[in-house]
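The following block contains the structure, expressed as structure tokens.
We just call them A, B and C in the order they show up, numbering each chain from 1.
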């Protein structure tokens, strides 16, 4: 019996996470509607001035993606029981591979989450859509960055009672560059500038987070 | 190995002299969980082809001992080797796939079916996926293969975990209360799986409160008391009402 | 109290008294008057915030390298002191900003990064509190201690870029004034005094952590030697005589 390569193992782990989440439906049936409610609440609180909502809509969309997206990474179906953790450790799959599999599943779910909320935000706020081609790069890059940071937070808070409250506190401040980049891309396009530097910053955050996984996965997976 | 040759309790003390080919060699081991000492000065040697039973009161550290043997815990003191790798070292990562552990609570994903759970395990470890259905048949779950784990009884989940052991063919088998939840017809399955491991020159450590079943399944029984292991007499020589000693 | 502690405390008290006197006697700012004296606490507090978290970073990386309990205590103590000084920096900046700039808060990149650090290290302390096992706690907080500090330059850079594309604050923002020599001397003396206070607090917190661990270890030894010894066979014959 030869174990498969790390990429194959990571894919298998991601597939399992997606299958579990597909059956639990927490991301698209619970967290996404909750995010939709948040999008609906902002205008009720700040007023229904149409030009104002048009100008803030894009930013509010990304704030909601950031805050609720963390909950997608920390969803219940991604909380391994101690017995499952023990089994995974005994399979001999490297800790980096295990976190990579989790991050890949998180990224796909977050992308689906972003794509679900986007039409809701467009409908409620009617923001200018002139920057839409850039979204093709921004949506996956934010999903990837948030997924990797969320995976790290999930590993840091593994098995702790306050996992779902502690995790967001650990991730959200560090994800600030993701929010700024995502919103400033649209801003730059509006003022006729090239937003490449913001896309590069998104990439940088993704790379730093991925490096952190590679460096710390083993330390995080050790048990006393 | 015939059952007769491994019974009864062939006068192997808990810590025999070092055997070069021993699957488990622990010497003077101490383990603490969240600062509370659980095991102390524990010595154990289990040779190839041997199955050892462990009994002990609630909370005496039996499950901790199994986690230590599975290389999932590091000793605070003492030295130990499992399948040739030093406990607490990175060498352990290499031998982990040769260890199977069935703990108290099942390691099944509740929303996956029994077959999906096993196929996931096979794909991760490189075991042929086509063996899943025959493994489920072997534990009598062939027709329940497509049932989600959360709709299975405790005994069914335990059987599915035994099917996983059949698939992984481990060199070291660690069982925590393997008979719990199993009906009388399937309890013998545990003995067969232990025998298989022995025949492959592997080793098994079985924790159980069911002394009669344990006696039938293993070569010798040890009592985990005050953090370390002691040899116990065969159940037949026990004085009723006075325990094992 | 050891002789080192006594001497350190004495030196800190003397330097602090000198720094306080210097802060009170330095000439008042021409525009801001006495309000500017808040700077003598605000600037040292901000310096200590960064110093503390840098030490948490160093000690965390050191723990991952050497696995020494003393490095975990140092990382944790420095983060606690750092969170206090970060909070103080933000509060004093806000109190000073309202009369001078007319607002409690301004979107200055340094301010945003400092506030972000405050929340990140509150998260660090929350992670420590939530993790019961000492080794797991040390390991996870060491990883987060390194990750958090590594992200600070990226966060700061993003905020600086973000400010660059927006209008500068429309509130009255004084141009960088040339600082009076007396004021500079008083400021430097205060930086030194507050650094000494930091060292004293850090040392005390680390010693407190050692004392807590010693107490816990003694308590564990006294409480019963092994986990299993706390469990006895139930004496049901005595408890339920009518049922046996």
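Note that a contact is a pair of C-beta atoms (placed from the backbone, for glycine too) under 8 Å apart; a residue touches a chain by one contact, two chains touch by 3 or more.
Nothing here was measured: the structure is a model prediction, and the numbers come from that model.
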{"item": "Chain nearest the global centroid, as defined over all protein CA atoms shown", "value": "A"}
{"item": "Greatest separation from chain C - chain, by CA centre", "value": "B"}
{"item": "Centre distance in Å when chain B and chain C are each reduced to the mean of their C-alpha atoms", "value": "48"}
{"item": "Chain centre separation in whole Å, for chain B relative to chain A (CA means)", "value": "40"}
{"item": "Between chain C and chain A, distance of the C-alpha-averaged centres to the nearest whole Å", "value": "30"}
{"item": "Multi-chain contact sites of chain B, meaning residues that touch two or more partners", "value": "33-34"}
{"item": "Contacts with two or more other chains, residues of chain A listed in rising order", "value": "223-224"}
{"item": "In chain C, residues with contacts to at least two other chains", "value": "133-134"}
{"item": "Contact footprint of chain A on chain B as seen in their complex", "value": "33-34, 67, 70, 72-74, 93-94, 96-97, 99-101, 103-107, 109, 111-112, 116, 120-121, 123-128"}
{"item": "List of chain B residues in touch with chain C within their complex", "value": "33-40, 56-61, 224-227"}
{"item": "Partner chain A, residues of chain C touching it in the complex", "value": "64, 116, 119-120, 122-123, 126-127, 130-131, 133-136, 139-140, 142-144, 146-148, 150-151, 154-155, 157-159, 161-162, 165"}
{"item": "Residues of chain C touching chain B in the complex", "value": "132-134, 216-217, 220, 225-231, 233"}
{"item": "Footprint of chain C on chain A - complex, ascending", "value": "152, 156-157, 160-162, 166, 169-170, 172-174, 176-177, 180-181, 184, 187-188, 191, 193, 197-198, 201, 204-205, 208, 212, 216, 219-220, 222-224"}
